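Consider the two complexes below, in which chain A is the common component and chain B and chain C are the respective partners.
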Partner chain A sequence: MKIGYYPGCSLTGSSREYNESVVALAKALEIELVEIKDWNCCGATAAHVMNEELSLSLPARIMAIAEEQGLTEVVVPCAACYNRLKMTQHELEDDGKRGRVAEILKMPYHGSLKIINVLQMLETYGAENIKARVISPFAHKVACYYGCLLVRPHSILQFDRVEDPQSMDSLIRVIGGNSMDWAFKTECCGAGFSVSRTDLVAKLSGNILKDASDRGAEALIVACPMCQSNLDMRRGAINKTLAQPIDIPVIYITQAIGLALGIGANELGLKRHFVNVEL
Partner chain B sequence: MEKNHNISDLQLHTGVEVVRCYQCGKCSAGCVLASEMNFPPSYLMRLLQTGTKENYDKILLSNSIWLCLNCENCLGRCPMEIDIPKLMDYLRTQSVKENKLHPDSKPILAFHRSFLDSIKYTGRLYEVGLVAAFKFRTFRLAQDMAIAPVMYLKGKLHIFPEKFNDRKRMKRIFAQTIENTKTDNP
Partner chain C sequence: MSKIGVFICHCGENISATVDVERVAREIGGMEGVAHAIDYKYMCSDPGQTFIKEAVKKYGLDGVVVGACSPRMHEPTFRRACAEAGLNPYLCEMANLREHCSWVHEKSEETTEKAIDLVKMLVEKVKKDKPLESIKVPVTKRALVIGGGIAGIQASLDIANTGHKVILIERDPSIGGHMSQLSETFPTLDCSQCILTPRMVEVAQHPNIKLYTYAELESLEGFIGNFKARIRLKAKSVNYSTCTGCGACIQKCPVKKIPSEFNAGLGTRTAIYVPFPQAVPNKPVIDRVNCNYYKRGACKICEKTCQVGSIEWDKEDEIITEEVGAVVLATGFDVKGTDFFPEYGYGKYKDVLTGLQFERLASASGPTFGEIRRPSDGTIPKKIVFIACAGSRDPAKGIPYCSKICCMYTAKHAMLYQHKVHGGESTVFYMDIRAGGKNYEEFVRRAIEEDTVNYVRGRVARVYEKDGKLIVKGVDTLLGGQQVEIEADMVVLATAGVANCGSEQLAQKLHVSYDPYHFFAEAHPKLKPVETNTAGIFLAGACQAPKDIPETVGMASGAAVKVAALFSNDELVREPIVAVVNRLAPPLYSTCVGCFMCETACPYNAIEHEEIKGRDGSLIRTIARVNEGLCQGCGTCVAFCRSKSIDIQGYTNEQVYAEVMSLLND
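Right, the complex of A and B next:
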């Protein structure tokens, strides 16, 4: 099984452990990831806040290169990149916008790529495989946290339920975990304000962690590098907003599954977290 | 009161019909930062519906448009499926264009500009460059001094930008879009 791969900027830097765990897991499941050549940043929130044409051109270049490379399907683990690529494909169904972007890029863009997130890759190419390979069941009570960008807007992404998504919960059950019901599955953690308004990120992320912790979660499971870094790297600022500090770790779904499949903690990047992971 | 063309321009660019909002308030109830805003999203919709220049300027000068995180919860819950996040993107660009900026926009704009500079010059996000540029723009020199060394030790920071070859095209993309003042691109 061969599939295109767009890691995006976070996965090469501040969220390296997400990349490490996706790569290690794909290898274990015999999925070959083919990285898009000379990819660029998708523009993230900054581009679409500042300029619409820029916000469409940056993802369009990535997809044009992938198409040129002969890829038909690309997995995008970062929820923000996934969202920007899907939204761009949707916006570029408009002939006027597509023409303008082609003129800016001077590259052919067909819009034929299938863009999927990491949960879809695991569901489609791995679920049965994962079940058969569990050697150390992930016997923990956890809260699956989806955030915003994986599930909204539903009309365009068409992925999972918008208020109470289940795809990550199902994967956790496959590896022997106990995923719980809780209230903040798709509430925003503060995302792009991590540097500019750390105070607001601390408050919003604090609400999320507190609900999970109050209900007895041993860990939060995520599939977005921005959610992970806000909830993990900003834990110092978060704990200042709470009456009782919270020390539950925030790990990627790929790390949780990797552990169940017997992949080592180092290989999964579990030593790179700010909050100690002892699971 | 003076009527203005801003509302029809807004409708033209975003495809959002503000009259469709019937003020149920679900957007404001679900907005995680409504309590920090000068006014919440449903109130912003009502101001747009009045169609006056005075109320339009009130929106451009508010912190509401800058504190919107584009989490899309409002859109997800709107019974009329009104794309408020798209409106927010448009209103922010207008606020910059007309230089009607709430002070809360400063650190947020400084971050976005620093982020885009990094992409323009290196094709990908270069965190060290981004944070340095952000500090330079905001004079928040001491910020994150505690977490940066830990990030470095955990292998989460590049000391140099990643290798990216197609820099010429990246420059062209910026020149043709955000740096291009000739088009009517909002």
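Right, the complex of A and C next:
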């Protein structure tokens, strides 16, 4: 299986461990990731509230060069990038906008690319194939946390059940984990305020962690670098808002599957977390 | 040469705003064979019709074309006007300039040209029209009512009281429908059963009503005045002529844990059961899916208990045929279950209920005998949250329409809760309060002001369970979008009213149209609310759209009057738009070669064999003949006929060719 790859900025900076685990897992599953050459920032989180043309042109350029490089399908691990690329595709179905963006880019944009997230890549790869490669089952009770950007707006993304997504939960069950029923799987972690109002991030992320912890989760499983960094990096600030400090780790779905497949903790970037991962 | 009169209607501004009607009249006036062409603001009005009548007489017209709305709207009007002026009504045709032109196009040159083309086609057609005579058919003065809820009960009683026979069929073992499940009714809080059950008894005892419960329509054939209904009487497994309804079998039945349909799943019933104590008929049926004997071949405890030997194990479904002249559809509605809402618990929290389940909790005949108790642990909820518009008015959920009854029953529920649980706290989350109806608004105000129900204008985002409580997270839009979180003991969802299961299939059996949500479609949204597009089939109640009891009863009586009016005729006049096999002078007799392809094509069994005999009685040929009582004028036989021997009167091949050629000759 060969597929285009757009890591995005987060995966080269604050969320290097996500990139490392995606790459390591793809290698283990014999999926060839072809990174888009000369890719640029997708414009999240600022462009789409500041300048419409910019917010459409940035993702459009990524997709245009991917098309030029002959790619037909691109996996986008970051939920924000995934969301921006899909939204842009939708917006550019409008002839007027598409024409204007092509003028700005000075290159053709066809909109033919299939954009998928990591969960979709793993689903396409096949649960049975993953199951066959499990070496040490991931025997932990975990809370799968989807956040906002992966599933919303449903009318455009058309991915999973918007109010009660299940794709991550079923992958966890495939590797022998126990994904629990909980109340905050699509609540906002406050990522939009991750720089400007960290007090709000602490409060919102605290609610999420508290519900998972109260219900006995050993870890939170995520597929979004913003969610991960808020829940992990801001843990000190979060714990100050809570009566009892919470020390459950927040790991990526790719790291969880990687562990089950016997990939080493270093290779999966598990040593890079702020909250120690002892699973 | 023909003398055709053409009359172009402005339809107020409906047509004239986009079509240059004067130009249409002017250009058509110059066509060969057109003797007179005018335009007028309202052609269907009295002065408009007078123009037509006078022109028929003055110019001796032998054909009339009215360019106006859909023929479904006003063809009878204009044909009647022509008939009054002495012209055969079937020499009057309509060009649909409104639905087919002005409503669907912008104002432009092309729009006017299309209008001219549409009229031109009909002018060419009318030149080929021949005078036709209406067909008279007898009327079977017996009605079939499908569905035994309040709509079917009311329609049956009203028809029966005009002296006509009624056959009422009900899918469930008892009549009563949703109304029998309700606790009290808005806006008076009178007991639903107290007003309904006497009517149920009246139906059962009425000499003009034949009641079949546990029965479903298998098929319906024929046409207005002359339907043939095949009805499946599902095997009850109990002989009703000997059963006394003592109920001993029900008490002894060992299968006791079947969720009760009547209690909306909150209570249980046995395998041999009567849905509720006030059921009509008050005799049991055996639910064969759950009965031990039918499942495993052993048990038969009910048979041993029965003193009169009424259990019939080997009874099979029976199909009966009834001839009826009219049908009233009164199949009601259903409500969405809580499992429709992932964000509100996906049916996994026992204390998240639908409005119908709350009715059962509040009802004296319900599983808790009218006490409001949590299904999970039987405690009395101290805090309760009602969520209005659960699914309704939510295009994302696929239900953009308003279910109409929820605002009122939610106010009633909150009120009943406050009356039954003193010191309880109830909150209603709503989008808008739609309380249009006599004493309805006052009723809601009473809930808010006298019964201190807390109304919060906003949506609920999520309901989840934590430590035995249901956490309801919503927003108060009147407090500037402030988030509200309530720890409730029970949540009641006013889930959307939807079409009853099987309504789509039923509509197809009856050739009745239905809307995208599978509610049956009325013939006209304003002026024909109880008729369907199939003559002789009428609608009553919530099978057409969600509606409350008063509206349902009114509609049922309306449908009953339509049936009674139909039955006031001994024979009906039918349009002569039927297929005819040509007949020629001997020795040809007809171009029909007697292959009877038409017979295999006809969906209405209208093709008969006609033997042509010589003077000595010897058979010369056998050709096809169309029974004009059965023929629906669909034209399938015309397409099948290899020798072009069949034509539809009023739509002959020659006429249709003339229409098409008028467009090609430009």
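Brief remarks follow.
Everything below uses one rule, namely that the second predicted complex is superposed on the first by the 278 of 279 C-alpha atoms of A that agree within 3 Å, B and C clash if a C-alpha of one lies under 4 Å from a C-alpha of the other, contacts with A are read in each partner's own complex, and residues count from 1 in each chain.
Please note the rule applied: a contact is a pair of C-beta atoms (placed from the backbone, for glycine too) under 8 Å apart; a residue touches a chain by one contact, two chains touch by 3 or more.
If you're wondering where the values come from, they're calculated on a predicted model, not measured in any experiment.
By the touch criterion defined above, A:M233 lies against chain B but remains apart from chain C after alignment on the C-alpha atoms of chain A. Using the contact criterion defined above for the overlaid structures, shared-chain residue A:S155 touches chain B and also reaches chain C. Once the two complexes are overlaid on the shared chain, A:A183 sits against chain C while remaining clear of chain B. Taking chain B and chain C in turn and counting the residues of chain A each one touches, the greater count comes from B. Of the two partner chains placed by superposition, only chain B is touched by A:M50; chain C is not. By the touch criterion stated above, A:D164 is placed in contact with chain C alone, chain B being left untouched. Look at A:D214: by the touch rule set out above, it reaches chain C but stays clear of chain B. Residues common to the contacts of chain A with chain B and with chain C across the two structures: 154-155, 163, 187.
Contact residues of chain A toward chain C in the complex are 154-155, 161, 163-164, 181-183, 187, 211, 214.
Those residues of chain A lying in contact with chain B across their complex are 9-10, 12-16, 38-41, 43-54, 57-58, 61, 103-107, 148, 151-155, 162-163, 186-188, 190-193, 195-198, 200, 204, 233, 236, 271-274. Partner chain A is touched in their complex by these residues of chain B: 32-33, 36, 67, 69-73, 75-76, 81, 83, 89, 92-93, 96, 107-108, 110-113, 115-116, 118-119, 123-125, 127, 130-131, 134, 143-144, 146-147, 150-151, 154-158, 162, 164-166, 169-170, 172-174, 176-178, 183, 185-186. In the complex of the two chains, the chain C residues touching chain A come out as 341-343, 346, 348, 396, 462, 464-466, 471.
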